[in-house]
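Here chain A shows up in two complexes: once beside chain B, once beside chain C.
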Partner chain A sequence: MATILVSKRPVTDSAPPQSVVSSRRTRLLDLFDRHFRLITIAPAALLILSLTVAPVIELVRMAGARISFTNDGVQRTAALAENISRLANDWIYWRALLNTLAFVVTSTFAELVLGLMLALAAQRMTRGKGVVRTLMLMPILIPPVAIGNMWRLMYNPEFGIIAYVVDQIAGVRLDMLGSTSTALLAVIIVDVWHWTPFMFLILLAGLEGLPEEVIQASHVDGASSLQRLRFVVLPMLWPAIAIAFVFRSIGAFKVFDQIYLLTSGGPGVSTEVLSLYVFKVFFQSNELGYGALLSLVTIAIVCGYLAVFRIAQRRKGTL
Partner chain B sequence: MTTLTRLLGSSALLASTLLASQVLSAEPITILINTSPWYGGFEALVEKYEADTGNKVNIDAVPLGGLLEKARNAVRGPSGEYDIINLSNAWAVEFYAGNYLTALTDIDPTFSFGDNIIDADGMLYWNKDRQWPTKDGGVPMAFSPNANTHLWYYRTDQIEKPPETWDDVLKTCQTKGDAANYSVVLRGARGNPIRFAFSTFMLSFGGSIEKDAPNGDFTVTFNSPEVKRALQLYIKLAKECGPPNPGSIDQGEMIQYIVAGKVKQAGIVVAAQAQMDDPEKSAVVGKIGYAVMPRPADGENKDVWGSWQMGIPANVSAGRKEAAMEFIKYFLTDEAQTYYAEAGGIPVSRTVLEGPLSEQEKFRWMKPYSQASLNAKQVLQYPEGAEIEQIIGLRLNQALIGELSVNEALNTAATEIHDVFVRSGRKTGLLPPLQ
Partner chain C sequence: MTSPHWKSWLALAVVALSLLSILAPFVWIVGVSLKYQIDILTGTFPFKPVAVNFDRVLFGKSSDFIAYAGNSLIVGLSSTALVLLIGAPAAYSLAWRRWSKLFSALFLGWTLIFHMIPPITLVGPWYLLFREVGLYNTLTGLILTHVVINLPLTIWLMMSAFESIPRELEEAAVVDGCRRSTVFFVILLPLAVPGLIAAGLLSFLFSWSEFSIALNLTTKETYTIPVAIASYAGENEILHGQMAAASVLSTVPALILMFFGQRFILGGLTAGAVK
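Right, the complex of A and B next:
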């Protein structure tokens, strides 16, 4: 039937012979078959690349300039060396980096431990597990602005409930946000309260997905509860733990709103973190070029942190 | 008169009324504003303006934190959505110098503020040649919905007469046995809060940040002996007379201390007065008196402006600019200013601030505020101001919490400010470091 249709077409001197057309079509089909995945993925990949790479390229361009706006348009002056020199001597940025690392490690670890403990406890519940899960969701659902204001009030040394309770117990007026020695701890506590439920939910899902027969077998073999946790449950749960840890680490690196509301980076620079400092340079000091450089360095630091974690996980064989 | 005649007559009347209303009423305008404590008064006045004139005004009220970026985005495009934008004095120069606002006299050449309107040390004007906000050779660029400076709030039931000097404040600090827990509370949080509050002390001791910025001399004077005396006093008052850990106290906490009856006195911006006599928010209703900020025994009463400026963006149509101008002229009338004050706003008309309204108990803050407005100065009126505020705000805070000595804080800040001026090509220099 196909032959008849082709033969009905007007034949011209320039038209290729039918065998050539057929082989070209076959080759195209072969090419399509061989690169099917690439061809179908390409539009989406291009879109994602244009949405992610293009802003980074613009950030790189900005990082090498001093930028000012006027009604006549954006004015850029080359200032890469100047910006790099500033960064090298910008002690607040490096202090913010240290604070951020302390914040990320401490809060994520605390959330992991608490989340795991809660998940283990909830897994054993025969009744009300759904209610617990719903209640645990609450802190995640509260807007960060409300959390910041709520905790700021609770920490208030004159009117806050925390200061009141500590005063009743120890006779000391505690001002956690006002002291350089306790301010970072205070914001870490808020983060742990806010995000432990996230860890709990991921780890509980992980625990519920573990093969029951393996745990039963260890029970039959006479393993104690602690041994079961140490040698059976935790190794099997490790992928879920790793995922939860990575997600929360990334979130903790980006912490901004609660610190902005609770301390704005003070007292002094005791709670200054990378996101907050970059925000101040960008939007308060209006230094777009230098702010872009800080953003790039921050992105590189986060990528480096994640790369180290991924290498460690590969060696462990869990990711 | 036949039915047809009546019908034709009515139609003609209706048509002419519609036509007239089209011609007379101004285009709708949209105002970008922050939800500060005086916002309620502004909103009430806008409603009155709509009722009085039939003109339509939309308000986009945003938290202070988001205002600057919204304003920047609104003026940088080819056409803007806002016809009036509210700007802090810390940002206004950026908008003036960038030609983002239209001079009010470009819209109405006959416009002038008059002598009774507070111009916040010339902040409403822009001198393009000198690139400086000043009435001298400048053109009116904005009006102020709240010029905003400090008042000294004090408990009339615990302090007989308002302190005239800082020494008087220190004396009250040493008096024990009063109901209030603390004698004085100061604003010590890092950044704008401490920079703004400390500026009053600095100016009253004759200190400054730079030598003569309006005339191009940016020699840094922030580590002068005058500024040192001011900072020593600030720290002494905060630590010896105020609540613990002053380095984290911002305006919200100061107001809380006052309205809860836990402190005898504080220097707070005028806009906070509205909360003092509100029985739902205050335990000290009728017990707060107002005065100008104290001065050094050998110095002058000085204060710093934290003024708000409302300007008309350049990127809106001529019709909308004229409509915005109509609102501005209305806002500045004494009748509107009086209504504004009654609704909780802070008027900028001295005629109103010193008129019959000021005799009422509710408005006892008006005369001290009018007096304070004569003492107040602007600081950091140049594009580097925002960056320098961050430097000063950090170093003062570090001195307050004991991370740096007074000398270290001021010397370090001076060096950092100097670096900023060098980078931006200013004529600058440094004083010898404090020893």
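Right, the complex of A and C next:
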């Protein structure tokens, strides 16, 4: 319609070329406008297809092969059965899975409990909440590599502050990262330090979004503060808790940077986690085929977890 | 007031103690970065602060820290610009133009799954692909991966930014003869600027911090700061002061952006959870 309007505009003899140009431009703009829905989504769709969908398909192809680098390029030989039987007997992978699960469960629960306590406490503050929030952002935003480095120095048995404090209290020089019995606990502590603030921020935002009247009403009804927490606040806060839990547990499942810096999976395999092991198979032993199979299993585990959570969420919704 | 005093004091104590335990490690590491090696090892306190570690890391003969910071800046800024350029229109398309339910569900579902799987699982195929097309060990390749890593969050944040704009604005403009594309560029995007800032800040910080991809797709000339710190930690087990200094330096962009944009960052981080 716009084209017609423009072309019917009275054209003076003095400037015919301009109107030709402008009508062509209009037609182009119309075309652009008609397909605007597609044009706006196309770049993102292309990027996602080429850099995430295609690589996952490529993973499936790679998982059935042994891949080696020769002078004339990449050589692939079929080795699906070999890769699968290797996975079945690969105790390090299963140990890494176990470590990862222990890491995820322990750190996520600790962060949830501490974050909730802290959020409930901070909510009572009448002043200074902004400052608390700002300072709590710090661990979340600085590079995890720097955090790994920082804690590695703090755990250092010679001069680290943690070893020093333990020495003052218990009289032993503790090398938490260097001992198989404490290394996993040590990396969990780092994660709890790193991510409790995240839980805190989400739960505080959730708490502040709760309707004031309901809580006031429970005051009037004479509920004790524990009752109020148990029967009023927590049920209403549930959605925020659930989301925070999923986000954090998935984040913990992805853990790589800090453990790479702190222990590289050691001593032995005591802090070996999935991401780290996949990395080692891929890029240290250069076994791209087997690494692809491990990647696929890892992706399947994440999808399974998400599916279970979705189903649980639906159940809860229907009840 | 109704609540007894001691509870308020307890709450205050809990908050203060938590803040202390969050901040203490930072204070300690800054302290280490300002000490001579001998003072670190003997635990001298109080000590006379020296800048020697920062000097070595930044200007030492064998140190490329500034070059790596340059790489990190290039990757962070370009990937942020690109992710906004690609993500904001896509979010608009999904939020405002009608797509079939199946398409939106597939698109958003896939970005969610992709956001949740460990990035390292995709680095293997990326490595093969990039070697083939000549993007391995280039900043361009790394930029592309960071764009795709940050795309899900950008799309979600921008979708909720667009959804909060009343539809009547567009209707009115269209009735007045305005094109839909013009409405997007002239009316909707300016209204979504807070969302753009939040998504941009978070994307830049994630890119600046990103380690597991950069570790495997770069070599010495294309290292970013996190990779440089990790390799430094591997090579110089003994130079504690310089490692501390490098870590402290790597946090500078985060601290600056946190200072200026904390409102947006906070909103972006908690947006998904409180809706």
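One rule holds in what follows: the second predicted complex is superposed on the first by the 264 of 319 C-alpha atoms of A that agree within 3 Å, B and C clash if a C-alpha of one lies under 4 Å from a C-alpha of the other, contacts with A are read in each partner's own complex, and residues count from 1 in each chain.
We take it that a residue touches a chain if its C-beta (ideal position, glycine included) is under 8 Å from a C-beta of that chain, and two chains touch if they have at least 3 such contacts.
Predicted model only: the values in this text are computed from it and were never measured.
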- So, A:G265: does it touch chain B (first), chain C (second), both, or neither? first
- For A:E158, decide between first (touching chain B), second (touching chain C), both and neither. both
- Give one of first, second, both or neither to describe whether A:G64 is in contact with chain B, with chain C, with both, or with none. neither
- Message: Going by the contact rule set out at the top, does A:A240 touch chain B (first), chain C (second), both, or neither?
- Response: second
- Have a look at where A:F283 lands relative to chain B and chain C in the superposition and call it first, second, both or neither. both
- Message: Comparing chain B against chain C, which has contacts with more of the residues in chain A?
- Response: C
- Give one of first, second, both or neither to describe whether A:T52 is in contact with chain B, with chain C, with both, or with none. second
- Item | Intersection of chain A interface sets (partners chain B, chain C) | 156, 158-159, 283
- Message: Could you list, by residue number, the parts of chain A that touch chain B in their complex?
- Response: 68-72, 82, 92, 156-159, 173, 175, 177-180, 183, 263-269, 280, 283-287
- In the complex, chain C touches chain A at residues 2-3, 7-8, 10-12, 14-15, 18-19, 21-23, 25-26, 28-29, 32, 40-43, 85-87, 89-90, 92-94, 97-99, 107, 110-114, 116-129, 131, 144-145, 147-148, 151, 155, 177, 179-181, 184, 205, 208-209, 211-212, 215-216, 225-226, 229-230, 233, 240, 243-244, 246-248, 250-251, 254-255, 257-258, 262, 265-266, 269-270, 272-274
- Listed in rising order, chain A residues that touch chain C in their complex are 2, 29-30, 32-33, 36-41, 43-45, 47-48, 51-56, 58-59, 62, 67, 74, 114, 117-118, 120-122, 124-125, 132-146, 149-154, 156, 158-159, 161, 164, 193, 196-198, 200-202, 205-206, 209, 219, 225, 240, 243-244, 247, 250, 253-254, 256-257, 260-261, 274-275, 278-279, 282-283, 288, 291-292, 295-296, 298-299, 302-303, 306
- Query: Touching chain A in the complex: which residues of chain B?
  - Reply: 68-69, 72, 76, 94, 97-100, 181, 189-191, 243-249, 253, 256-257, 260, 262, 314, 383, 386-387, 389-390, 394, 397-398, 401, 403, 423
